[in-house]
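One structure is given here, and the rest of the page talks about it.
Order of writing sets the labels: A, B, C and D. Residues in every chain begin at 1.
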Amino acid sequence: MLIEKSRIDEANHQLSNKHQRQFDYVAADVKNLDEVIQKIQAFNIAIPSWALGTGGTRFGRFSGGGEPRTLEEKIEDVGAIHALNKSSNSISLHIPWDIPSNADAIKAVAAHHGLRFDAVNSNTFQDQKDQSLSYKFGSLHHSDKAVRKQAVEHNIEVIKYGVELGSNALSVWLADGSSFPGQLNFRNAFQNTLESLQEIYAALPQDWKVWVEYKPYEPYFYSTTIGDWGQSLLLANKLGPKASTLVDLGHHLPNTNIEQIVSLLLMEGKLAGFHFNDSKYGDDDLTVGSINPYQLFLIFNELVEGMDARGMAHATSIGWMIDASHNVKDPIEDLLQSVEAIKIAYAQALLVDTAALKQAQESNDAVAAQEILQAAYRTDVRPLIAEARLREGGALNPLGVYRSLDVRSNLIKERGQNTVATGL
Amino acid sequence: MLIEKSRIDEANHQLSNKHQRQFDYVAADVKNLDEVIQKIQAFNIAIPSWALGTGGTRFGRFSGGGEPRTLEEKIEDVGAIHALNKSSNSISLHIPWDIPSNADAIKAVAAHHGLRFDAVNSNTFQDQKDQSLSYKFGSLHHSDKAVRKQAVEHNIEVIKYGVELGSNALSVWLADGSSFPGQLNFRNAFQNTLESLQEIYAALPQDWKVWVEYKPYEPYFYSTTIGDWGQSLLLANKLGPKASTLVDLGHHLPNTNIEQIVSLLLMEGKLAGFHFNDSKYGDDDLTVGSINPYQLFLIFNELVEGMDARGMAHATSIGWMIDASHNVKDPIEDLLQSVEAIKIAYAQALLVDTAALKQAQESNDAVAAQEILQAAYRTDVRPLIAEARLREGGALNPLGVYRSLDVRSNLIKERGQNTVATGL
Amino acid sequence: MLIEKSRIDEANHQLSNKHQRQFDYVAADVKNLDEVIQKIQAFNIAIPSWALGTGGTRFGRFSGGGEPRTLEEKIEDVGAIHALNKSSNSISLHIPWDIPSNADAIKAVAAHHGLRFDAVNSNTFQDQKDQSLSYKFGSLHHSDKAVRKQAVEHNIEVIKYGVELGSNALSVWLADGSSFPGQLNFRNAFQNTLESLQEIYAALPQDWKVWVEYKPYEPYFYSTTIGDWGQSLLLANKLGPKASTLVDLGHHLPNTNIEQIVSLLLMEGKLAGFHFNDSKYGDDDLTVGSINPYQLFLIFNELVEGMDARGMAHATSIGWMIDASHNVKDPIEDLLQSVEAIKIAYAQALLVDTAALKQAQESNDAVAAQEILQAAYRTDVRPLIAEARLREGGALNPLGVYRSLDVRSNLIKERGQNTVATGL
Amino acid sequence: MLIEKSRIDEANHQLSNKHQRQFDYVAADVKNLDEVIQKIQAFNIAIPSWALGTGGTRFGRFSGGGEPRTLEEKIEDVGAIHALNKSSNSISLHIPWDIPSNADAIKAVAAHHGLRFDAVNSNTFQDQKDQSLSYKFGSLHHSDKAVRKQAVEHNIEVIKYGVELGSNALSVWLADGSSFPGQLNFRNAFQNTLESLQEIYAALPQDWKVWVEYKPYEPYFYSTTIGDWGQSLLLANKLGPKASTLVDLGHHLPNTNIEQIVSLLLMEGKLAGFHFNDSKYGDDDLTVGSINPYQLFLIFNELVEGMDARGMAHATSIGWMIDASHNVKDPIEDLLQSVEAIKIAYAQALLVDTAALKQAQESNDAVAAQEILQAAYRTDVRPLIAEARLREGGALNPLGVYRSLDVRSNLIKERGQNTVATGL
């Protein structure tokens, strides 16, 4: 255990009076306080295994120190995050970066930290050393049937690892695309992708889902074969009820109204879940909520409203995961900030006066509608989040505790200064 | 008749030798020359009635002179365009701007100019003087059933006018949207729109189509209820086989790969047709091909390939229309330039060596694929277009003839300097 | 007076206890509380005369009711806003929409409402009825010297009106641009603009400023002659110390980092001021803070820091104005929301722990820097704003009072349902 | 020599008749034919040393084969390109990737291929193995004076290498920026950058230039310290006459009017030159002219016009270089395509009827202006390019010869399948 429960308690004790004063103040105006706190307590966001090391760009990578060298150490890092914020009770693995040599042993390590395994991720956007055919020109969409077959088999193998770990969803991000006009026949690429996904779909266990991610560009710069939500939904509808659309917040063209997409996918019963991050220009993979927190709130407002309307229990039906890249921050600190931002947006959305909003919408009172949303958004909900964390046994101030305990220094001492997390 | 055939012939005679030299040179390298010329001859693009006057922006309008004051004069202007370019044999009306008082008489006027009536367009983005309920907050998506009903009835009335004129498609551009977060419940708006469209769909005659246009923003600036091709396709699929998706080139977010959308809509059998224009920033409604002619070529490359693959005869199955706004140009000159640019892109696409392209795509030879497309694009196809026009009885140089005959000056003398076309 | 002071006091009395509790809570954690409150009290944002009516787009305009029919009524509306929020003590006129027939009388009307006159705005983006030469192809940049001269003289006349009203700045937004490649010689257009501005500059009274606004597109859609901050600054530097650059938040390409531009203009001593609004797509002119309030906060963070660094007293050196268009909202309500959003951003920026931020920046601690900014931003500063307003004699809840007093209904009764504010 | 002159002559011989026919046809309509051909003959574009290997993205790299393993082999590759197209007579080195161990020997190798050394490029966006301080948080803008000093010294060392090689310009692309709001004090970063550049400027030899590149984002995703042309020009003006602004076509926000920027930089005497490439989304570094060739033409139209207006001899005063990344193409083939696209755009621009264009602009005849530009653009100038190449001793069809001689296969045999060019 990187972080002892007793150290968290000590830190909480010191903040106790201040927190109580703040909580009492904010709580006084919250209707259904208990329900709100309980929903926040129950809310967890998965941590991807690749987010625990320092990322980089095509121009280079400036590594940090003390990065996890093994799957066990990645789990250890997520365990530390979860111990602090009590909102990160699962880890999402990336095959082949994180192939467990012994599934039972790894499950035991995870369980020791209170963690389970979220969706498993396949990787056909890189060539692995012993791979017979290259993915240079794509995988599931490839013009060569043999390459498609290799990629399909890889995905089926990923499902197998996932089954062993107790996961129940396959997340497919397909880099497949083209960089030049003419390089690709769009319709053939789409049909090949559909056929490949159908083969993977056929291999899904009974209780599994497949999540189809979309992205407009990068690593290819002219077209992506699953380029937007419309294309992903088209595929998901052709595949069947186990398939749905995964929304990565950074995978959109400039100015896209993401919350509207979320709302419609919910309406269609095809919202798989999220890869959370923030961005200013493209798929920047910045800390969640660091650039446009109001947009994040608007997305959660759609989620809260849409899930209520459909009677869905969010925790079980939608996948929540962070997918960011930490180039200039300590990865663990970045993840703590991201989870906090997500929970703040969620709590604000829970405070929206939905009855009044509905009335404003029906009377086309745009002024009142904005007032209602902003009243929730402008509320300082941090004490509610802190209280929920406290009730779960986490830290009132996770980042503060992490820094005061010198966790990173200890990791560097233990793991070394120049480690590089697998997959980066 | 604004333009006498004899004047066109005279002008052609003067250019005859030069044209013949150019045509012979280009034609020498074109395989299936006759087929190419015939396809170009057969290709027509509809002119919208609202494009014959000077447009403007919210900041004002600088009117031109000699604008058509009546539907008859609009038809007369399109007749002049068609006489010159022999590629604009239909007109698309906009109701209520162009309500014909006597359908038979109007059809006779059109026939006199060799014109027929293309798709009819409804208008629920403005309030008309005698209208009982306002479209300020939308029409088909409105939260108030009574407003939706009024808008549905208007569309059904538009169909009725279209039937009288011999049109067979209803084009629906829905401005409906919201300008502020919270103003709209996205799912209710979508469901209301679907229900309204279903009522309109039910009123379509047997051989009619309904074309569902999409647009991301403007006149509302936060959301549009039919905002992208995914939303339009979702509606078209729920509506049935008579419904399909209309692509206006200017109705996309920055950097959208429009040709990929076109390709996929063709694949799904749901491409209704086009509103052609060009743009640099948003829905700028500039002259077709004036900003990015290579993109236009790429779109036609998809069309030629996709229509061949599906065995579709383009002239009958896809709607082609210009939808531009002429703020600083003479509208007729702008339309002549737009039609020319469209035909150039089409001719270039017809020259693509499709067998070689297919082979390059199958072997992932991006260099060869680019060479093949660029070889067609870099060819100067203007003599092919001119020859096709000549064979149809049009002008070798339509714009030159228009200017040399002082058509606009004559129109100003006849109609006045300060006319404003209806609807502007 | 549209709104009696006594009605405001009554409304405040009812909210008094609740406000006091909230203020006490928030104030307890604010260092330099008095200074912060005083700065908020002193902060005023000008209201443009054209923002008091319902705007529209090129697709149409859905008018509201009770719009001001005269300059006097516009002043009356601003007076109502200022009575409520005590932060809108000036009005910015637009010539020729608002030519005062009797300057002294108008100044008396304004003074009666506690208002003064902010920067005056020239208009060369529309043709006026009696105008001899057209601005269809631009004004100060025009290829025809006679058109430039007419536009220069108009600007000098606007200065004259401004002098009479006690204004001391001329705000120039130049629509001049082109819609097609080739239409304009960029360098000639720039040099013509410079020459025209030099003539206007020469006519500025001793204590006057000229503010040079920039905008990338619209109403022209290929180029704008003063298209970005770099071009505006180039002109301002060539003109001299009285010229500086005006930033309209909506006048930027997608994803522009506006706060960096603001910081650099402050550094160069060339930040004239702001036209505030918000946008998702282009120059959407939405309510300030309705789309991306965090960006607004980041801009104010630069302002607070930059003004401190330069020892500038903001109230006198920088122009603050709202420039929005109210298409679906009551204009007065929209303006109340905008002013509130601006003051919230300002108050949040005042709460930033600048010493800690400086230290984080010097040690490249991006995590801490973000925590510091977000700590200020996440604070609910509404009670501080309300208190400042209360101390100035305004309403604790301006919008609430406006609605409860049925101001709009009274205006409609008085002015009529179908009024259209001049200039719209 | 990778490519024998005799093989090129053989290939030309086979195409001779066809070429002559095409050239005669096109040449017949070109005024000042000799001048145009001579200008095309004289035009050369530098090849950057890093463009000879297969690039990649942050998601991985799919290497090609036969990549140059040494500086000598990079020169050999450029020599092959130049032998074929006679338009790539210089190479641009990147320090420390290409440090020559013996400058005289390397100059002799280059001379053997008819090559000289273009601008030298410094690199402070990566850490080198033996480097004492990290550039993780920037270099010339760094908050730590010691880091700035290290980066300044590196640049001075690059100049030293450049002097030895006969180069006369230092090209500075500064990645320096920030990924999160608050991370950076924008004004301090700017001032630090200015101070650092001033120290580098002071070390420039008498006849040297320093080119200041700008870029809005990547590798940092919130701000870049030299983020746009306005910031670069501000620095260049503060530095002095040896400093000017370098335009990389991919370094702009969506929808930027690059040709206007080029025009204004020319006007100010501050256009250093170009890094050519093409892009659809961001800094995609695609083959020049592969996405929007009309924009490339418009840029050259400004250059031709602007250089004429200023009496500048382009070959000596402006730097021309390709800066692309070849992820799915053979790098040599990609470079051949890029150079061809650049020369086509240049030739088209040379064909513009400038007198007629000037007249159209002065009379605001947007229709005529567009016709004039499009008449030049739609001309098939490939025979002119081929003729110029022929006269210089190059290949009529460079790519065809490259493929028919199996150059890549030979390189793979010689250098191996799994080489990776230095710097990639």
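Convention: a residue touches a chain if its C-beta (ideal position, glycine included) is under 8 Å from a C-beta of that chain, and two chains touch if they have at least 3 such contacts.
On a predicted model such as this, the values are computed, not experimentally measured, just so you know.
The pairing of subunit B with subunit C is characterised as same-residue: of all residue numbers used at this interface, over half are used by both copies. By number of C-beta pairs in contact, A-D leads over the other of A-D and B-D. Chain geometry summary: the mean Cα position of subunit A and that of subunit B are 43 Å apart. Centroid to centroid, with C-alpha atoms defining each point, subunit B and subunit D lie 39 Å apart. Annotation for subunit B: residues 136-137, 178-181, 183, 216-217, 222, 254-255, 257, 280-281, 287, 290-291, 294, 328-329, 364, 366, 370 touch two or more other chains.
Of all residues in subunit D, those touching subunit C in their complex are 136-137, 143, 178-188, 190-191, 216-217, 222-223, 227-231, 233-234, 253-257, 259-260, 263-264, 266-268, 294, 298, 301-302, 305-306, 309, 357-358, 360-364, 366, 369-370, 372-373.
The touching residues of subunit C, counted against subunit A in their complex, run 25, 254-255, 257, 280-281, 287, 289-295, 328-330, 333-334, 337, 344, 364, 366-367, 370-371, 374, 377-380, 382, 399. Partner subunit D is touched in their complex by these residues of subunit A: 55-60, 62, 125-127, 134-137, 175, 178-181, 183, 216-222, 254, 279-282, 284-287, 290-291, 325, 327-329.
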